[in-house]
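You will see two complexes here that share chain A, one where it goes with chain B and one where it goes with chain C.
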Partner chain A sequence: MDMETIKDLYFNDKGFIFDPDSGAIFSLNTTGAFIIKQLQKGVPVKRVLAEMKKDFDVDEGTAQRDLREFLDMLAAFGLLAKAPA
Partner chain B sequence: MKYHVAVTGLNATDDPNPGLGVIRSLREKEGWEGQLRVIGLAYDALDTGIHSPELVDEVYLLPYASQGTASLIHRLREIRQKTRIDVVIPTLDGEQLNFCQAAPILRTIGIRMLLPSESQIRLHFKHTLADFCLAHEIPTPRTLVIYESRQLEEAIGTLGYPLVLKGILHEAHMAYTYHQAQAYFEVLRARWGVPLVAQEHIAGDGGGVIALCDRKSKPVGMVAMKKLATTDKGKAWSGVTVKDEELLRLSTRILEDLKWVGPAELEFVRQAGSGKPYLLEINPRFPNWAYLAARAGQNLPAAAVQLALGKAVTCADGYQEGVIYVRHAQDIVCSMDQLAQIASRGELVLRKSGKRSMNGKGTASKSLL
Partner chain C sequence: MVKVRHQRAFYEKPAIVKHSVGTNNRLGRLASAFPHTVIDGVPVDELVHRYGSPLWVVSEITLRSKYQSMYRAFSLRYPRVAVAYSYKTNYLSGVCSILHQEGAWAEVVSGFEYEIALALGVPGDKIIFNGPLKRPEELARAISQGAMVNLDSYDELAVVEQLAEKMGRAVPVGVRVNMTVGPLTWDRFGFNLENGQALQACQRVLASPTLKLVGLHAHVGTFILDPGLYRQMAEKLGGLARYLADLGVTLEYLDVGGGFASHNTLHDQWMPAEYATPSFEQYADAICPTLINMLPQPLPLLLMEPGRALVDESMCLLTSVVSTKLLSSGQKGVVLDAGINLLPTSVWYRHEVRLAGETGTPTDGGVMEEVNLYGPLCMNIDVIQFRTALPPVRRGAVLVIKNVGAYNFTQSMQFIQPRPAVVLVNGGEVECIRAPETTAYLRELERIPQRLLTKPA
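Entry: the complex of A and B
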């Protein structure tokens, strides 16, 4: 869970995302925008989880599940960077 | 700036919203240059007019009309805290009732409108128009209201082929067989609900009248247009102003009978052979060819702003006939920053007060998820 890095995406602080490869546009909620921002800064996933617990009123289990689901969604939409061969 | 006018209906597809023509009319009002700020009110970040820098100075997204009047009032209060709005001109059928119901509250925050009453707005529900025409002896195609597909047989028996099937607010299809009628019935029911109307088809030349009535229901301006070319959906793509005195007289009578207030579009067809005019629709808003009327000498959107503000208006007595419009589709290029701003913040300022010109460069998006 700690290996995911995000692709180089256009995004703004309101959760608007543009994938320049596919041309797809996404709109994220506050939590999603928070996670993407951290990942774009190169923050490791474990740290993102810790930051989420700090910034949001959420318990460890819920935060972990939400983060995992969100990362899976990013992967499904092709927004995660491919691991180097 | 003297006039801060908000206009809805900014999307120009093959059946363009009227807001764009309304704004172009306002922009060309003599003496208003430098005196007008246009606030666009849109429903989607990709509404084309948002990205036309010559039209709007700033844009705000509204909640969809289906979310109701309270939601509209709430959003307009938010927008009003950010920018001044003196007058709103709503131009879409589906939003008119919400704006009409919101009018008294919007007035308390300084926003004025010139709108028909609720009962007049309901006349553009196609099943109520037939009753009105019958009661006022206005020629209109024979119409039956349909709730279930089994009523189609009776409608076909009475009205014959081709049978025109219309959704309660939008969309019409012509059916030439029973199976076609059944298929269109299901499409319209799924999209717009019931009732539908079944109408006899009157073959002939299509056209319309744009009109504006003051608060005392006195028509202050009126222009007749004949369609020259239509899209495959039957929507006008080109038209010409005509001095059709019969249509103008009939429109005046209809609007006076209705005690109409505000803008209106009356759609007619002149029967081939007999030349008899049949009223097809009354829409409680400006048509999407309002700019043609302005260029022909009657700038009714500008007059609507002045009337909404309680000013006296004198419109030109007549207008120039033989003025033609032809629609033209254009690709607008804008930056991702621009789209991101309107999509994620619901607002976009293209020009600060007192400045003109701005256009971004970049790549247009392929899809909006």
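Entry: the complex of A and C
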């Protein structure tokens, strides 16, 4: 799960995202916002997982499963950039 | 040297939801954002830990208070009333016993239900026997025990007349009347009022040497949200009673049936239950003064046969998340260990669904997701609800589906899964009132011919 990069989005600290391509608006919870912030900084997914474990009270298995599902949601909403060839 | 440990933040499952016009994505006013962690003093987690999931939970205090408020509303407005609980709604013995302790009579629609009432110690003269199928031997027993029998058809009238001849005594009977009130047009039970059949049936009973007309019965529909329809029904039923009184007939009872709405919300209902469901006072205000104004003294006994309004809110179903998945449509699916096998009323109702645990419920930065709730049956029709707003959930999370006491347990199926236990919660105490079904229990009545058990050579 290391190829995902996030599209260029408008993002604020309260957890709102605006996708200028589609005009869609999204809300994130704290953990979701944390992940998006990491992805926006260009942190690779493997490292995002490590950061989650460092900052939140969560075990490896749960974080991994949740992150996978979350990335799938981002993909479904069209928020991931095409992975560079 | 003291090492300062990095304090890790509270973790909730990451979530992202898309905003669409006209919906509240943020916590907003959605009740489902708030967890339902305790049932009458007992933590939901503890119930699941002790009895497993899924699990039916009955709240004794809710059941008692529902009965009391209904009885109070009608008895304050009419001099002689009785509330006969409609057994079909939920004939768990524990549930019926609580209502009988409160003073409820029994309304049954089969010999089977009649036997449950008898087993629970309800005297025959506190049982109303309704319904299209009453077998001759069941009628004979009901008559000899003094039950109120409401005739559904001329065929049944003839059977009762024969029984009366055999018994060599007069048999009191009621006549079930159907009618049109507003959009309600149930005309298959009993005799129609508008076309004159109901009066004819009454006259037929009056002409019988062995039958005695003692009551009129109507049950015009179910989940009736408009008390005005009860006023119309009372006017029509009262009109017939008045006509009979003028002929010199003194009725012992008028039975206005059930149909009173519970605090649930139909799928196509615009207003949620908390605004739309009338109070018992509103129903009683529609029925009681109408009858009092029309009928001569002494007034007959007024009978009600509530089902859902008494028991729906007294029961919830605990169920656990089996898996979550992203559907090809982009929607989220949540698979539960309880489906339409246990919740057939999902077809009519948008049941209130709450998360049982605090964990994962939106804190300040939380969001609600829209998910489809699916049951465990390997069947496409097994849907509890589409587009339910819930905090992000994962496998193992326990949900509380509220107000499921009516028509779910009695109509639940042993389809693919045996049925789970039912527990009764009362003042912080928990008692099991129905053990979980087992494979052995479900196969008990089956017989396999020996020849089917030998393997082909």
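FYI, the second predicted complex is superposed on the first by the 83 of 85 C-alpha atoms of A that agree within 3 Å, B and C clash if a C-alpha of one lies under 4 Å from a C-alpha of the other, contacts with A are read in each partner's own complex, and residues count from 1 in each chain.
Methods note: a residue touches a chain if its C-beta (ideal position, glycine included) is under 8 Å from a C-beta of that chain, and two chains touch if they have at least 3 such contacts.
This is a predicted model, so every value here is computed, not measured.
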| item | value |
| --- | --- |
| Joint occupancy of chain A by chain B and chain C, clash or fit | clash |
| Which superposed partner A:F26 touches (first chain B, second chain C, both, neither) | both |
| Contacts of A:V45 with chain B and chain C, given as first, second, both or neither | neither |
| Chain B versus chain C as contact partner of A:G15, first or second or both or neither | both |
| Which of chain B and chain C A:D66 touches, first, second, both or neither | second |
| First (chain B), second (chain C), both or neither touched by A:L74 | second |
| Touching partner for A:I6 - first (chain B), second (chain C), both, neither | neither |
| More chain A residues in contact [chain B versus chain C] | C |
| Touching partner for A:D57 - first (chain B), second (chain C), both, neither | second |
| Clash with chain C (superposed arrangement) - responsible stretch of chain B out of 148-156, 256-264 or 328-336 | 148-156 |
| Shared chain A contacts, counted only where both chain B and chain C touch the same residue | 15, 24-27 |
| Contact set on chain A toward chain C in their complex | 15, 17, 24-36, 52, 54-58, 62-63, 65-67, 69-70, 72-74, 76-77, 79 |
| Residue ranges of chain A in contact with chain B within the complex | 10, 12, 14-16, 18, 22-27 |
| Residues on chain C engaged by chain A in the complex (per definition of touch) | 6, 8-19, 25-26, 324, 326, 330, 332, 362-367, 392, 394 |
| Interfacial residue positions of chain B with respect to chain A in the complex | 336, 339-341, 343-345, 365-369 |
